[in-house]
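I've put the structures underneath this note.
Two complexes are shown next, each including chain A; its partner changes from chain B in the first to chain C in the second.
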Partner chain A sequence: MKSAGVVLFAGFAGITTSMLLALLWAPSVSIDAFESPAAQRIFYWHVPAAWAAFIAFGALFIGSAGWLFKRSERMWRLHVAGSEAGLATGLMTVWSGCVWGAAEWGTPWDWTDVRLNTFGLLTLLAIYVVLGRNSQPDGVETRDTFAAFGLYGFVLVPLTYIATRIWTIRHPGPVVGTDDGGSINGDMGLVLLFSAVSFTVLIVGHMMASMRLTLLEQKLQRLQAKTDRVV
Partner chain B sequence: MPALLSLEEVEVRRGMGVVLRDHNLTVKGGQCIALTGSNGSGKSTVLEVAAGLLPLEQGKVLHGSTPVIDHEGRRRQSPVTVGLTLQKNGVLGSEVVEDHLLLACSMAGFSVDVAPFLEAFNLKHRRKDLVAHLSQGQVRKISVLSALLPAFASNEACLVLLDEPSTGLDDDAVKVLCRWISVLRQRGHGVVLATHDERLLEQATHVHAVAKGTTEPRGVPLDEADIATPAGTARRVTPSAFGIKTHRQTMLWLNTNGMAALLTLGLLLALGEFILDLTPLQRLGFLLAPAFAAGLCGEPLVAAMREERASSWWTAVGGGVPHAGWMPLLIGAAVTAGASVGFQLPFNTLHVLVGAAVCFAVWHAVRLMQLATTRLARPHAAMVGLLTPVLILPYAVLVDWLTR
Partner chain C sequence: MEGMGYLAVAYFGMLVAISLWTYTVVRRSQRLEERMAALESVNASAATDVAPNDEATAP
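Let's turn to the complex of A and B:
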């Protein structure tokens, strides 16, 4: 738990630093390029949060597959950690996206934007998996059901990724990793990279802590069952 | 004689524990196997595994020589007629007594005169009543009869699975049940029963200790006179046909899907005459909204059939869980046509057809989501509704495409 705490703290510190850099140091975008250039700074939070969410949903997928096909307790803990981290980062992304959408598009949500909606659905799936799982007693039936939802939900990840390239309606296209070098300058890229690394560290720490917590819960359940038999 | 039922190296987990490990059981025609063991030893689990209701961690279950379920999740239709009584009664409650028993027989393709059986169980005077109007003991009798009758009607060896069949039955009914089990055994059917009742245990040719996994034979005389059961053939009732009939009888659809559609339409109409000021995309979106809302409620039968495990009974015996089939097409078309009138728009056949298709697709998609939580201990608490917004995007894309 101690190592998870250190990683979590490093993530928080990194995100705090990157937010300060984003607000105070990173250059502004051209006032002609966006309706609301000031709101565009939320991009330093929104994009790394989305990146961290993909890592979390990847962990959810691996954990779900590991439980369903290998019956691995460790993989189940990864499923739990991935869904909780996916919920946290998904909400961070959706909430910041709504703020930006309200400023830039004049509406916080657009039902015709495929990427926005597929990402919203991913977050909704994480809410469903976390709340639904917590409503059930732990057992193979609960694990199989929610692991299956974890697998199905992962179909949305590549769909969300390619949505920016195929169905770009209102969402901006990719800003990095494109043939023309992307649309952000060096300093902006540096802050974005630092923020992405910080979010990655945070989400790894979150998942480490969550896996440890699930392990302790499982130990407690076994002890309670043992006590029940003695009593 | 080939075995009617074989459990081969079966491992089953329930909750946090392994209930059965490397479990084997063989049932041949003419045998009556009594499953014995203390509470929680896995007697009901063996029966449910035999019926193909539980997923396996290891091993496989065969009916005849056909594997009906294995540990990799492969499932096949049983070639053997299966009669099943679960711990719960497996009935919805809205069935008429006689109809339910004829339905149970029709699953195997037979029709039988149920009157002598109802008379023996002192239920003849209740044959036209709804199951919901009977006492607990009487419903139990119906549940037991629905497992036995297909075997009585069939000339081929059947598998009869009975879980605590004597629970709630009076002494006379238990005596009758003992006699019927003996007759079925003599006719070459295989019977597996989980019970603590000494009177039923006396009918067993073999005793299977579930905790140890051992089967011991015991001597039972074959001295029961046969019972005349003139049987004919009947058309098999599909889960869809039963679902539509139940919807028509109970009007379940009106209480959920119908009301959702009417409320949506009423709300839109209450907002005033705004529809003609909208863009074609918005107008079609609003026109189809009542049909979409009707579908979003999903299949009300799923929740209704969970109560007495009727869906499990149907899965094992009828090959699927009953559903509304084509009914959503009708409901979708009707509410879209109604919305068209309400909004004072010119009648458009294409829009009505699209409304029907939307309602049908959404209804069955939500039903699949509902069924995905069937194995959970508390399926009603799993909040399937949180997943339904996944259907909004295809709806938006469809409306956008239709108005281009």
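Let's turn to the complex of A and C:
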């Protein structure tokens, strides 16, 4: 827990610093281009949270495949950690997006926008996997079922990534990683990068802690069974 | 500045949510470790209780 704790603390300190930089240091955007220029600053939270969600869903995919094809306990622990981290970061992304949407578009959600809906489905998938797994006794059948959801649900990740490149409906298109070098100011890019690194560190710390938690639960079950036999 | 106030509240709310999530993970880990230590001590005392009886009933 010690190494996970250090990584978690570093990530938490990083996201707190990025919040302060986003509020106090990052330059303002043009008031002509935005309905709500102040709300745009939630972008420094929304984009890194979505980035962290993709990392978590990637871990869920690898863990699910590792369990289904290798029957690896370590991969099962990665599945559990990825789904919990995916749920948390997915909710953070949806919540911050709704705050931004309400201020900028006048509505928190647009049911016709592809990216919003594919990402919403991804978060619902994480809710289903986490709640469903916790409501079932641990066993091969339960693990196979939820690993299959984790494996096939991953198709929503590339779909969400390319959504605004193919269908720009309401959600803005990419501002970094584009062919023309992106449309973001240097200082804004710095805060965004710092925030993305902080969210990555935080989510890795959470997944390390979660994997250890699952390991402890498994050890406890074995110890409980041994105690029941002895006493 | 009003917009910035709402934004600060939204940011702060998310930080609190992450803190709570982190706290629950750490707390769950501590509880599991406590339960494991308790079970290990039960197992150890059961083993020392059983050992003399085994000797006493041995032929």
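Note that the second predicted complex is superposed on the first by the 230 of 231 C-alpha atoms of A that agree within 3 Å, B and C clash if a C-alpha of one lies under 4 Å from a C-alpha of the other, contacts with A are read in each partner's own complex, and residues count from 1 in each chain.
Just so it is clear, a residue touches a chain if its C-beta (ideal position, glycine included) is under 8 Å from a C-beta of that chain, and two chains touch if they have at least 3 such contacts.
All of these numbers come straight from a predicted model, not from anything done at the bench.
For A:S72 in the superposed arrangement: first (chain B), second (chain C), both or neither?
neither
One more residue to check, A:Q136. First (chain B), second (chain C), both or neither?
first
Comparing chain B against chain C, which has contacts with more of the residues in chain A?
C
For A:I127 in the superposed arrangement: first (chain B), second (chain C), both or neither?
Only chain B; A:I127 stays clear of chain C.
For A:A209, decide between first (touching chain B), second (touching chain C), both and neither.
Only chain C is touched by A:A209; chain B is not.
Once the structures are superposed on A, label A:T200 by its partner contacts, choosing first (chain B), second (chain C), both or neither.
Touch status of A:T200: no partner.
Applying the touch criterion given at the start, work out whether A:D144 contacts chain B, chain C, both or neither, answering first, second, both or neither.
first
Just checking: does A:S96 make contact with chain B only, chain C only, both, or neither of them? Give me first, second, both or neither.
A:S96 sits against chain C, while chain B stays out of touch.
Enumerate the contact residues on chain A facing chain C in the complex.
1, 5, 8, 12, 15-16, 19, 22-23, 36-39, 41-42, 45, 88, 92, 95-96, 99, 103, 202, 206, 209-210, 212-213, 216-217, 219-220, 223-224, 226-227, 230-231
Could you please specify the touching residues of chain B with respect to chain A in the complex?
Touching chain A: residues 13-16, 55, 57, 372-373, 375-378, 381-383, 386-387, 389-390, 392-393, 396, 400 of chain B.
Please give the residue numbers of chain A that touch chain B in the complex, ascending.
71, 111-112, 114, 117-118, 120-121, 124-125, 127-128, 131-132, 135-142, 144-145, 148-149, 221, 225
Within their complex, state which residues of chain C touch chain A.
3-4, 6-8, 10-11, 14-15, 17-19, 21-22, 25-26, 28-29, 32-33, 35-36, 39-40, 42-43, 46-47, 50
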